[in-house]
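Read the structure below first, then the notes.
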Amino acid sequence: MRDYRPERPEPEDFDDFWSRTLDEAKAFDVAAGFRRHDLPLTGVDVHDATFAGWGGHPVNAWFITPAGAGERLPCVVEYVGYNTGRGFPHHHLVWPAAGYAVLVVDARGQGGRSFDSPGGTADPGGGTFAEAPGMMTRGILDPEHYYYRRVFTDAVRAVDAAAAHPAVDPERIVVSGGSQGGAIAQAVAGLRGDVRAALIDVPFLSHFRRAVEITGADPYREIVRFLSAQRGMEERVFRTLSYFDGLNFAARGRVPALYSVALMDDVCPPSTVFAAYNHWAGPKEIVVYPWNNHEGGSGAQVERQLHYLRELFAAG
Amino acid sequence: MRDYRPERPEPEDFDDFWSRTLDEAKAFDVAAGFRRHDLPLTGVDVHDATFAGWGGHPVNAWFITPAGAGERLPCVVEYVGYNTGRGFPHHHLVWPAAGYAVLVVDARGQGGRSFDSPGGTADPGGGTFAEAPGMMTRGILDPEHYYYRRVFTDAVRAVDAAAAHPAVDPERIVVSGGSQGGAIAQAVAGLRGDVRAALIDVPFLSHFRRAVEITGADPYREIVRFLSAQRGMEERVFRTLSYFDGLNFAARGRVPALYSVALMDDVCPPSTVFAAYNHWAGPKEIVVYPWNNHEGGSGAQVERQLHYLRELFAAG
Amino acid sequence: MRDYRPERPEPEDFDDFWSRTLDEAKAFDVAAGFRRHDLPLTGVDVHDATFAGWGGHPVNAWFITPAGAGERLPCVVEYVGYNTGRGFPHHHLVWPAAGYAVLVVDARGQGGRSFDSPGGTADPGGGTFAEAPGMMTRGILDPEHYYYRRVFTDAVRAVDAAAAHPAVDPERIVVSGGSQGGAIAQAVAGLRGDVRAALIDVPFLSHFRRAVEITGADPYREIVRFLSAQRGMEERVFRTLSYFDGLNFAARGRVPALYSVALMDDVCPPSTVFAAYNHWAGPKEIVVYPWNNHEGGSGAQVERQLHYLRELFAAG
Amino acid sequence: MRDYRPERPEPEDFDDFWSRTLDEAKAFDVAAGFRRHDLPLTGVDVHDATFAGWGGHPVNAWFITPAGAGERLPCVVEYVGYNTGRGFPHHHLVWPAAGYAVLVVDARGQGGRSFDSPGGTADPGGGTFAEAPGMMTRGILDPEHYYYRRVFTDAVRAVDAAAAHPAVDPERIVVSGGSQGGAIAQAVAGLRGDVRAALIDVPFLSHFRRAVEITGADPYREIVRFLSAQRGMEERVFRTLSYFDGLNFAARGRVPALYSVALMDDVCPPSTVFAAYNHWAGPKEIVVYPWNNHEGGSGAQVERQLHYLRELFAAG
Amino acid sequence: MRDYRPERPEPEDFDDFWSRTLDEAKAFDVAAGFRRHDLPLTGVDVHDATFAGWGGHPVNAWFITPAGAGERLPCVVEYVGYNTGRGFPHHHLVWPAAGYAVLVVDARGQGGRSFDSPGGTADPGGGTFAEAPGMMTRGILDPEHYYYRRVFTDAVRAVDAAAAHPAVDPERIVVSGGSQGGAIAQAVAGLRGDVRAALIDVPFLSHFRRAVEITGADPYREIVRFLSAQRGMEERVFRTLSYFDGLNFAARGRVPALYSVALMDDVCPPSTVFAAYNHWAGPKEIVVYPWNNHEGGSGAQVERQLHYLRELFAAG
Amino acid sequence: MRDYRPERPEPEDFDDFWSRTLDEAKAFDVAAGFRRHDLPLTGVDVHDATFAGWGGHPVNAWFITPAGAGERLPCVVEYVGYNTGRGFPHHHLVWPAAGYAVLVVDARGQGGRSFDSPGGTADPGGGTFAEAPGMMTRGILDPEHYYYRRVFTDAVRAVDAAAAHPAVDPERIVVSGGSQGGAIAQAVAGLRGDVRAALIDVPFLSHFRRAVEITGADPYREIVRFLSAQRGMEERVFRTLSYFDGLNFAARGRVPALYSVALMDDVCPPSTVFAAYNHWAGPKEIVVYPWNNHEGGSGAQVERQLHYLRELFAAG
């Protein structure tokens, strides 16, 4: 399994699709705003950040730096897991405690139900067809309207938003995330060569075809539910998904990547994670957690990432 | 419980809100279209119907009549249960077999996952905030943007669409539905006095406050999930819901209504159904199923409705 | 899997067993009775039908025709799924709407608990040993007394009952059903060469040995439960089942058959369905639903069947 | 709750029904047979017993005595819990070890699936209507055909069978059982005044109306399932059940009874047990287990019963 | 419910028991050790702390301060939830970011299975009787040997350990925790008057009698499981628990306390939390989360606590 | 699978470890005590037995013989399943009824929650690290402190305790048990050559590596839970387990062994049972139950064992 490197389902116009998508987004100024957020935290500066994502829609984020940082800092842009949001600022103190800025970006429309990590960003894009509950099938009949087109575009622009802040060193931006967040970080790193590294944990949205066939768990299962109702739409659905499959972004990744995978993961099956990892085209490492389910390395992997970035930046 | 008739949470501008909403919708021509749908069914004429709902968005429906009907027929406009769609035409043969036309209307955005009753109508309206999965919390912070504002408006206009067909007698249109469909039928009958009757089974979306407090089951539970994450938004949420509470529509119902309720219903608790029924302001009957859960009377209630309408129309 | 065609566990006296069984049943006149059932349905004529099944026991059915049919009609004889009954007449309007008569036949003893499709036919035969709850193990120690001996015999005679009605063209009787109903239709088509076609959806009771070994779901699991308690009775049980295995009926099928199978079916595993299909000895087609569980094609398959029969009868 | 003593739903002809039932059964000789069952057990004599129950049908039992017993022994006639059978002889050594004979009686038709306590007695009586899976609704539309008419009759005759064995002192027969077995023991003690005592643990089948309304657990739930499908049959069902309600048997109990009840029992709610206990008309005690579910006192209650019977028989 | 203030089950020698317990513990020097823990975190100083708890057993903790703190800081001593441990240092950055030291203390024996918050402290005390799995019944037959005697003693001494660090201002130590951690903080604040405040979220171990009677959820349910097996030990068990009931500690609380409670909490029922809160003898506030289960206020409550402590210390 | 005989993970000092362990235990006199236990059972003599187990800790057992046995009897030493205890004396009458003595031995610390088979023996040894709930990970980081070191030592000494009773023939002691009890019997028979035979049903604790990798069920799963939290301790854990793996005890078994295995066992996978059986070095038989889960042969296997021992002892 560790060497599993399947064929990628790449549409011919994959690059066109994405360059067009990102170009269209550029019609909207990124308009990054950072409003000081008052909390009794003296060690960090917290900002309620916003920027214009896909379609110019406002996306919420927390931007946190060590208090009174005097120099341009490296910055971790962090993406969130499925059905969660940016949560509370004090959840994101680890990078500032390590001397980095951090920008934690909502996934639009999500975060309405996570009592631990609520979010508040709308997805005004809406649907173009009936949906199965959840985000996985919103607009799935057409790559132009698929939900993750908007999310990935937001995420690419989050890097611009981070770079726009005077405390951030644009040369040292790292993307990061677990599960959906890992998928987004992987996509961003595949779409823009100018991030410094990618931290990708138990990534979701990779090798869709295999995942939906073998996994009995949500959120991949949302797609099965849709296909079970919308008989005959399989071809259209998988065509759409081919524009969003992590395998294709991984194959475009050129920057250093630190992956992690859990061998008992039944949400994002490890074979699909290895499939992405083995396609990653840049320098890479993977940490394997043999006894964990989708939680993966959890805090242990965060410590691993702290070391990884220290070495990366120490090396220049 | 059978006499339970709680206070209604009615906002002062309830009627204004709805007359404004429906007026705005009238800016869009209802544009009812009926495209013949070829099926090897000789006893009925099936049409794939569409009309302009809220915001002018296209809404799908099946329109079915007895084959070769030569006179204007009474018509049942039927609304669907949560997470389902209009399904297959041959699911809706009972009213044509009784000599009626039937128009079965999608609930926008829903129906993506029901393998028995798929739907295909989009909800392009989108959200204005993060959502809990499902439709219950889409736009819930503001009555203007709440999902059911669009659905109820679609439903009101479905009656116009039905009336627009030459085979339909506009004086004899009945609205009908179970669960969400019952809530919609109840709302339509409360909003327009020109339907002939309402068939309302185990209605959902009635007496929200009690339902979300006592019910452990979805879809009411979606609202609890949202509130558990979005702490402090309770007031805004219940204010929004007060514009959509079945109690307020029931209090405006003037036409004959046939309700049904199931005493072991843990999805739409029977107390909330009686609450609506006891507020209904027109002639009314309720059929009680003591041993059923949310399935209520199922086919038995359909037979009851056939008799009810026969008598109703026989009486003129 | 699609070519899976395992050995069949056929007892030497399989044909003798069944011809003797059916001959014994003929000792009882089929005594088909059709009592007009009053419903406010003008488009169809509904009859509460009964006939003498195995042991002369009365079996209930609905018999429905297009209203006022003047000629002899083709007729679909439909068998029901496990634990359901004939349900409500208005559930069975699709064949009449297509110009056919339909006879929907109870499975004896079942239908006591399905709130959607209740039945009311007794199984007075009783058991000859202790049973696991459900019907699967009633009389399972002896083919003479096995429950399905009575059910299949009822089903064979249902065709005679249909043929006995003056509105039915005995040359154009089709058997049909899903799951248990599919198994019954398959058995009837294997036992009598005079039906015109068989519509067999996700059939149950086929390739018992494999099914009980690999499936964790009821109702096959009832047999596992019995064997886990009645240690040492395995040989007797599988000997009995060999007289009722769909593989053996399929191998005797000579008429055109339209099968369907769902690849995510965990109640009737698709391999067991293909096993039956690949043994079918007559003209055949199979529709594959890759993303569905035991619901299979549902309404989509019904539409497929409407087309199939139209072409079949058009061809003569 | 401990004093709960509700109205009893007693039909006028309750006593007639049962005396007629038992009289009819007497048409069949009890025909108790005791076949030596070879096991490497030197301390007991084990017999595979059989006798003619309701309708003369053979009922299986184990009859076990201390090895080489030279005098007439007191005998415990034990009835089994729902869905179990007489099990293995070595499960029933406690009474012989205490110097009693024991007769453990199958419940007809049950025991097909209990891997711990299989049974092997058939219920050839069969049904007179569709059933919900399980035994609770077999024949439930008519007291003449209800399943428990046969079971209780078998149980009454089991006492005759025990008394027929030369090693048994017919003056010292005690009936015993838990759950369904408790209900049966209670019924037998109510129907025949000649048993010496009754040991009734967490009895089932008592105060049906309340039990089916408040309990969400099987087997009472089987009745709810039936009623949910067979709408409108409530009156007939509860009329039938009134002939079998433990409250009515308890009110006829004149012999000493030792009950037990568990306060966290969600299968046989404690209120229904107290209801029966408080109606018991003879000398009585009840042991309350506050922290147990339906397992009740388990082995602790058996020890209690050993003491109880020792004192009872010591007192003469 | 909000005013619920039941009788407290307080043994006469409650204070003696605890003063003796804590005195005995003093025989062991607290021996607080702080070993620098190397992590790539520049904003904080992390120490792997240990101290001698009950019986002199080593207890693990994380001790974290803002980097290079030059003055004596207020310190939050935090206790952990059931079955978790101190976790990873970077989980505990919120208090340092607010300018406090924090000491996060393992609960002995726990933390072996939490993939998010592992712990590593042994409970060498062992048991004095059979246990139900989990910690709730270890030693429960005797207050001397009950598990929480050791845990609460550890917790009291953790305050000494914190006070022993030169960076901590012993006058400004606050105890804190949620669920089990809340119960521990409550106990510590009740046992020693010298902490500055207590932050008590959804406390566990309060009003045992009611909790075990009404709650179906673990860990309270562990006690029910024990009582269901160890029939007759109820009196001993509740006597032991009376020495550990949060109601008794609350009644001794004199320092300011900030509680929180969740109205949909089915692990620690809100009535039991209000019972403790209403007995708290010092200044107090409670935050009510109406729509949350046992997660309570989560990050929102942390923000509330940050404000609360800022005001508390601002006021001196 | 039936011939599966994997490599054994045997540490070099396995024999040293165990001889040292047992020698250390011999420092404590076995101190077998047999206190007459009064029950109204005339056919057996029941003793509440105790003896000094590992560390001299008292271990409880029931010792039961046929009443007034005049000669030295063969004796079955029986070990109990996970989370149960010695239960009630009357649960263990089968061996006395067959003319044997029986000693039923508690597993220390367990039995606190089994309402059917409670136990009362403490495990004062305690832990040396955090634990996952249950016994499986207590002390798992070090073979010296692992929980089963104490249990297996207790079990070895139980044979000495049995042999110490004057009614027991020390040459005819048989060890027996199912699941955990089977694992213990297997270990005892591997550790001491002087038992006469071993009855080993569906043994647990055999082939740990495979079991924890493939089984989703407790109690093996407790180890996975521990490893998922205590990342990086895998090597230490499996090193510890290698001293306790049933494969290594089986390879040392020289006496006749009767195994049983269930092919649908998802608690102790059959491959792991065959792995042990195929390593057993003495005379052996295995009974295969194809349709059972972890209950295996249940009472049927007990009958098999009765025959097996009769033949064994008949042969001398």
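Per-chain residue numbering starts at 1, and chain names A, B, C, D, E and F are given in the order in which the chains are listed.
As a convention for this text, contacts are C-beta pairs under 8 Å (C-beta built on N, C-alpha and C of every residue); 3 or more make two chains touch, one makes a residue touch a chain.
Bear in mind that the values here come from a model prediction, so they are computed numbers and not experimental data.
Student: So if I look at the partners of subunit B and the partners of subunit D, which chains show up in both lists?
Tutor: C, E
Student: With residue numbering as the guide, point to the option in D-F, E-F or B-D that repeats B-C in over half of the contact pairs.
Tutor: Most of the contact pairs in B-C are shared with D-F.
Student: Which is it for copies subunit D and subunit E: same residues on both faces, with over half shared, or different residues?
Tutor: Since fewer than half of the residue numbers are used by both chains, the interface counts as different.
Student: Taking each chain's centre as the mean of its CA atoms, which one is most distant from subunit D?
Tutor: So the chain farthest away from subunit D turns out to be A.
Student: As a quick test, compute the distance in whole Å between the mean CA positions of subunit B and subunit F.
Tutor: So the centre of subunit B lies 64 Å away from the centre of subunit F.
Student: Centre to centre, by mean C-alpha position, how many angstrom separate subunit C and subunit F?
Tutor: So the centroids are 51 Å from each other.
Student: How many angstrom lie between the CA centroids of subunit C and subunit D, rounded to a whole number?
Tutor: Spacing between the chain centres: roughly 39 Å.
Student: Could you check subunit E for residues that touch two or more other chains and list them?
Tutor: 115, 228, 231, 292, 295, 300
Student: Provide the full list of chain pairs in touch.
Tutor: Chain-chain contacts present: A-B, A-C, A-E, A-F, B-C, B-D, B-E, C-D, C-F, D-E, D-F, E-F.
Student: Report the residues of subunit B in contact with subunit E in the complex, numbered from low to high.
Tutor: Against subunit E, subunit B makes touches at 224, 227-228, 231-232, 234.
Student: Where on subunit B does subunit A make contact in their complex?
Tutor: 83, 85, 106, 109-115, 118-135, 137, 222, 225-226, 228-231
Student: Under the touch definition given earlier, write down the residues of subunit D that touch subunit F in their complex.
Tutor: 39-44, 66, 87-88, 90-91, 93-94, 96-99, 115-117, 292, 295, 298-300, 302-303, 306-307, 309-310
Student: Could you list, by residue number, the parts of subunit C that touch subunit A in their complex?
Tutor: Listed in rising order, the residues are 264, 289-293, 295, 297, 300.
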